[in-house]
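Paired with chain B in one complex and with chain C in the other, chain A is shared by the two complexes that follow.
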Partner chain A sequence: MKEKRMNPRKVSAVKDFICVVPVLIFLAIFTYYPIAELFRISFTDWNLLKDTWQYVGFKNWQWLFNGSGTRYLWNSLRVTVLYSIGELTVTIVGGMIFALIFNRMNKAFSAMRAIVFMPKYVAMSSAAVVFLWILNTDTGILNYLLSLVGISAVDWLGDRNTALISVLMLTGWRCIGYGMMVYLSAMMGISADYYEAASLDGASSFQKFVSITLPMLSPTTLFLFVTTFISSMKVFQSVDILTQGGPYRSTEVFVYNIYRYAMVDFRMDRAATVAIFFFVLLLLVTVATMKISNGRITYDS
Partner chain B sequence: MSKQELSSAKARNESAKRNRRIKAAVQWVLAIIVVLIIVFPIYWMLVSSVKSQEEILLAVPTLWPREFHFENYINVLNRGNFAKYYWNTAVMTAGILISQVVTGIFAAYGFSKGKFRGQNVCFIIVLGALMIPLQVTFIPLYIMMANWGLSDTFLGLILPEAVSPYYIFMLRQTFMAIDDSYVEAARMDGLGRVGIITKILAPMCKSTLFTVTLVTFTNGWNSYFWPKIIARGEKRRVLTIGLAQLQNTFAGNETMNNHEIMAGAVLAVVPVIILFFIFQKYMLTGYSKAAMK
Partner chain C sequence: MRKKAALVLAAAMVVGMTAGCSGGGSTGKAAVNNADTAAENAGGAADTPAEEVSYEVTEPITITWWHALEEQYSDTVTEIVNDFNSSQDLITVEAEYVGSYSDVNEALVAAHAAGNGLPAITVANTPYVAEYGAGGLTEDLTPYIEASGYDIEDFGDGMVAAAQYDGKQVSLPFLISTQILFYNKDMVDAEGITLPSTWDEMDAFMEAATVKAADGSTERYATIIPGWDQWYFETFYLNQGVNIINEDQVTTDLDGETAVAIAGKLKEWCDNGYTYWTGTADDASSNMRSNFISGKALSVVHTTSLYNTYVDQCDFEIGMAWLPGGETKNQEIGGCVLLIPSKNDQATKNAAWQFMQYLCSKDVNMKWAEGTGYMPTRKSVLETEEGQAFLEQKPAFQAIFDNLDLINPRIQHSAWSQLSNIWKNAMAEMILENGDVQESMEQMSLEINDILSDS
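Then we have the complex of A and B:
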């Protein structure tokens, strides 16, 4: 009797649960299980070109931290950090400057804003082949323009000193409009009262920017920092098309490093080991940035 | 107010006006410079795509093509096998889109309006997946797919992207904002879950739903990393990969065929850019909306 009365609610709960079951199954198979597999593979000597494999304990970890892999690990860590700093600077500083420039509400400016934002929607591969062509040493237009002002041809992608900068040019072109839009929509949320009060006190535009706009935008800045930092660590495509990690591994970011071990050398064991290291790094960065962002935010009351 | 005070107020007013005008002029000049720089790569892609091979190799680049060679597009469609890449990309994107939308809407409903034991734990499982990108898991995934015979197939391209924690999260937040009384009332009227989703929740969240779906479409259309891993052969190659490989496909000097490569680049971005112009309102807010929540 009692059980029967309970039934409708139970049935409803089961039906609600069924709504989320497909997603859980999918994530279990395609997201969580591979992580476990990754750990297992890192303890083997799995080379795709060989027929057999066996467990070898911590050999790969030794290779990574105290062996021939160490050098390339630190190299890719350094390159990734440099790249991240570049992308963060462009998105946050560049985005803020662009937001100030384009902060004018009329039709012409809204059209111009759309144009500045558009590169975000241009497929990275299209953008990358265009930049390959623009940056070409012999026939690229950038070197031609530089030659007009007396600068001799730069081997943008072939020189280890400029290769990462070239990759960042492409990144910047695609990301700066995004930073701008995020800042602009946050700026619109700042109440005009603050500015009016400051004007009455005789504050200059610059003072208003420093003491009102910047602090009020700090949650937005933090948001941009956290999301851009994490996504910039996963960069692959621009590097793959522009430089393939070269020259001399000067643009070999983390994901490219893993990709090279797995899909070029077919050393699944080594690739898995680096991938785990990368995963832990991502987790640490995520947790750390989340911690920082808690408590350092100014809210508009 | 005395005459003197009045005139000084007037002067102050005038100088403020002048300041404002100067500020506007500076903004206009800077904005136009920025727009020209940003638009240049797109412009360069378009004009290079209709130049002749001779013209693109000139020592002094021409800003406007001397003659228009639209046959570059036909060449790239035939020689570069682009028609097939187009089809592959379209099917892959459609597959990803449909499965992400369907699974996403139901899951978002379950997490926002549903009630069952372990709901929070389940939601944490979904959120946790946000921290595990394909760039980490691609090795076991690749092996798994290959073992299932799914390399170079549509299913192989779609499966790992079939569920999007981001999409679920966004929709759940939106559904949460809708008052439960609407759902209760619909339930009284005898609507089931599918009815509540299609007749109440989806129409009420139209704009968010549309925006995140557009982002999903663009991400699918422009995806590169996973297709590069799983579709290594020619059979199911997608546009982004095909374009990157054009450099190698054309024999000889890499710069020789840049006019045709540019034509390929234009072909690859056209669908998304058309969408961008039609649904500008949604697409401009798309990412920033994701940002604010």
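Then we have the complex of A and C:
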């Protein structure tokens, strides 16, 4: 007679797996299946206006890489990268500076920290509408303030040179408090022993910052870099409300580009093709970031 | 249900990408490859009039009407809908303002793809007729017209044609306008300015009618040509023989010598300060209007439908002049048609048909014509004493009545709205950002050829 007994370790592994199954099913239905579908649609000519569609082979891919779509693909790639650099700079450099300034643990500073962090709680759509008013060429408060110091009105959202900067203003206003909070909590975690030892050796505050704080914050910086980079690549709402990708596609980030093909031109096939490309690109970038930064991070252990 | 799921998933594709969840989002399931539906939509009804379909309304029903008539028209809309609702017992119409013509387009196409949320009846800007007809979005009205003995012959010929696709009556003309040059009659008379009747006379007119300050800045523009809709400048090309879509249906002539020369002229006038390019921003139209109203522009090209609005807001007399022509002096129908989405059930369609007949009736049409600048659509008005009476009320419309035969249907192509977007954006970028004319028009034409051949 066979023993029905199983290795207890195996039993526990099966149990664990069963617990994860619902999540896997969820992911399969709402993430992996749609991605597979997206891939399939990119080989069709599905136009929302038409009731029928056919497979057209690599036509959409040819359009994207060697056709009239190419120009705008590179344009949106460029805009997205510029935007990402902007958001990363604000979140990491700005967040670090603010963290250093607000790193005082008393009531007044706690209130000020709350004020700086608050914008993160404001819905992006509402914030964007407020920025529409602030940035208005004729009636906006920003141009009014500039006029007080003798600078003539700037068409913030209507000029291709300033439109992306305007979008970044909104981003910066919203994100800097988040970067600050993340850095602050990390700074709390740095043992005071290091600073004491450094003081005994006569290190200046700048030296302490460069040799202790900065390296000890590197895991946090990596975390912020990766999460911010990926979320910034997917920016949409602020662009949609402030500029609709304009003027002349100068703020047409990747997701807006996809939106435009899908919901303005009704070309689901093209939208799917760009979306797949974007997905692969994002995947590669994420993997690369993780690979490169592994081993260059100082962990406090 | 499957199609509904399809659209939800399609939306998830975009939303997923945008909402910030990782992984790059999902996709839409393509509309099921449904040849049966397509065949049915493609006009099965028209081919089989013998089939027993009743077009009568027999039970009470509430239907929705989508329109794009802004605030200034809302009183008229309410009055007309109320009149209809109280004129009979069975049908209750609810009017819904959806937004601009392109908002209506987006909402309608999305609802059509989803297969639900469709209005019983909707307005549509004239250039969309072909797109909707080709996509099977619209109900062919021919059997309805036959069944109820509706007199379609009384509409102007061009208007009827503009509401057809591929010979099928997929819509009816509702609020019809055309392009026109509004001018400040007081200034023109006082200064003895001659309005241009051909494109060749434009140079002289632009220079003569512009007023410049000592420092070279413009105090008064000769005219303003809207750049937010290519409809306003496309006749200049058409009348000089440019084929916006060539006969092969897959290429454009907009990179040809004549087209580049016209675009160059438009840019040159802007560069010289005789006019300015409005661009495509939301406030472009209101800025242009206020320039004209305040006397900062001698004239503007705009749609006749705004005649009453201008008359109300200007403290000078408004003149209307036909646009300068070239080899021809044709103009195009603007405004909107009414159509019934094909995916509605028969009872809804029947009720919509009753309401459509009412909206397009002569009485309702004359209400619009008198209260706004939309044109009378009926031959029984245009060609009779009623028309003369109308002209006495609105003498400026003489320019239109003189040229009725020159008002043509729009160019019909299923990629037209994409083409027009590319065109107006390219014009704005070229003029406002000082691009090279030849290069811009060539690049633009490459893109247009691509969407024309792939639609």
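Note that the second predicted complex is superposed on the first by the 279 of 301 C-alpha atoms of A that agree within 3 Å, B and C clash if a C-alpha of one lies under 4 Å from a C-alpha of the other, contacts with A are read in each partner's own complex, and residues count from 1 in each chain.
Here is the rule we use: contacts are C-beta pairs under 8 Å (C-beta built on N, C-alpha and C of every residue); 3 or more make two chains touch, one makes a residue touch a chain.
Keep in mind that this is a model prediction, so the values were computed, not measured.
The wider contact with chain A, measured as residues touched, comes from B rather than the other of chain B and chain C.
By the touch criterion defined above, A:35 reaches both chain B and chain C. Applying the stated contact rule after C-alpha superposition, one finds that A:268 touches each of chain B and chain C.
In the superposition on chain A, contact is made by A:121 with chain B only, not with chain C.
In the superposition on chain A, A:229 makes contact with neither chain B nor chain C.
After overlaying the two complexes on the shared chain, residue contacts for A:50 are found with chain C alone; chain B is out of touch.
Looking at the shared chain after the overlay, A:83 reaches neither chain B nor chain C. With both structures placed on the common chain, the touch criterion links A:158 to chain C but leaves chain B unconnected. In the superposition on chain A, A:63 contacts chain C only, with no contact to chain B.
When the two complexes are laid over each other on chain A, chain A has residues 30-31, 33-35, 37-38, 41, 234, 236-237, 255, 258, 262-263, 268, 271-272, 275, 278-279, 282-283 in contact with both chain B and chain C. The touching residues of chain A, when paired with chain C in their complex, are 30-31, 33-41, 44-53, 59, 63, 67-68, 158, 160, 230-231, 234, 236-237, 246-248, 255, 258-259, 262-266, 268, 271-272, 275, 278-279, 282-283. For chain A in complex with chain B, the touching residues are 12-20, 22-24, 26-27, 30-35, 37-38, 41, 98, 101-104, 109, 112-134, 136, 138-139, 141, 144, 173, 176-178, 181-182, 185-186, 205, 220, 223-224, 227, 234, 236-237, 240-241, 255, 258, 262-263, 268, 271-272, 275, 278-279, 282-283, 286. Remark: chain C residues 9-10, 12-14, 16-18, 20, 22-31, 33-35, 37-38, 41, 106, 109-110, 112-113, 131-132, 134-137, 279-281, 414, 418, 421, 425, 428-429, 433, 446-447, 450-451, 454-455 touch chain A in the complex.
Chain B makes touch with chain A in their complex at residues 23-24, 27, 30-32, 34-35, 38-39, 41-42, 44-45, 48, 56-57, 59-61, 103-104, 106-107, 109-111, 113-117, 122, 125-126, 129, 131-133, 135-144, 159-160, 162-163, 165, 168, 193, 218, 221-222, 224-225, 228-229, 239-241, 243-244, 246-247, 255, 258, 261-262, 264-266, 268-269, 272-273, 275-276, 280, 283-285, 287-288, 291-292.
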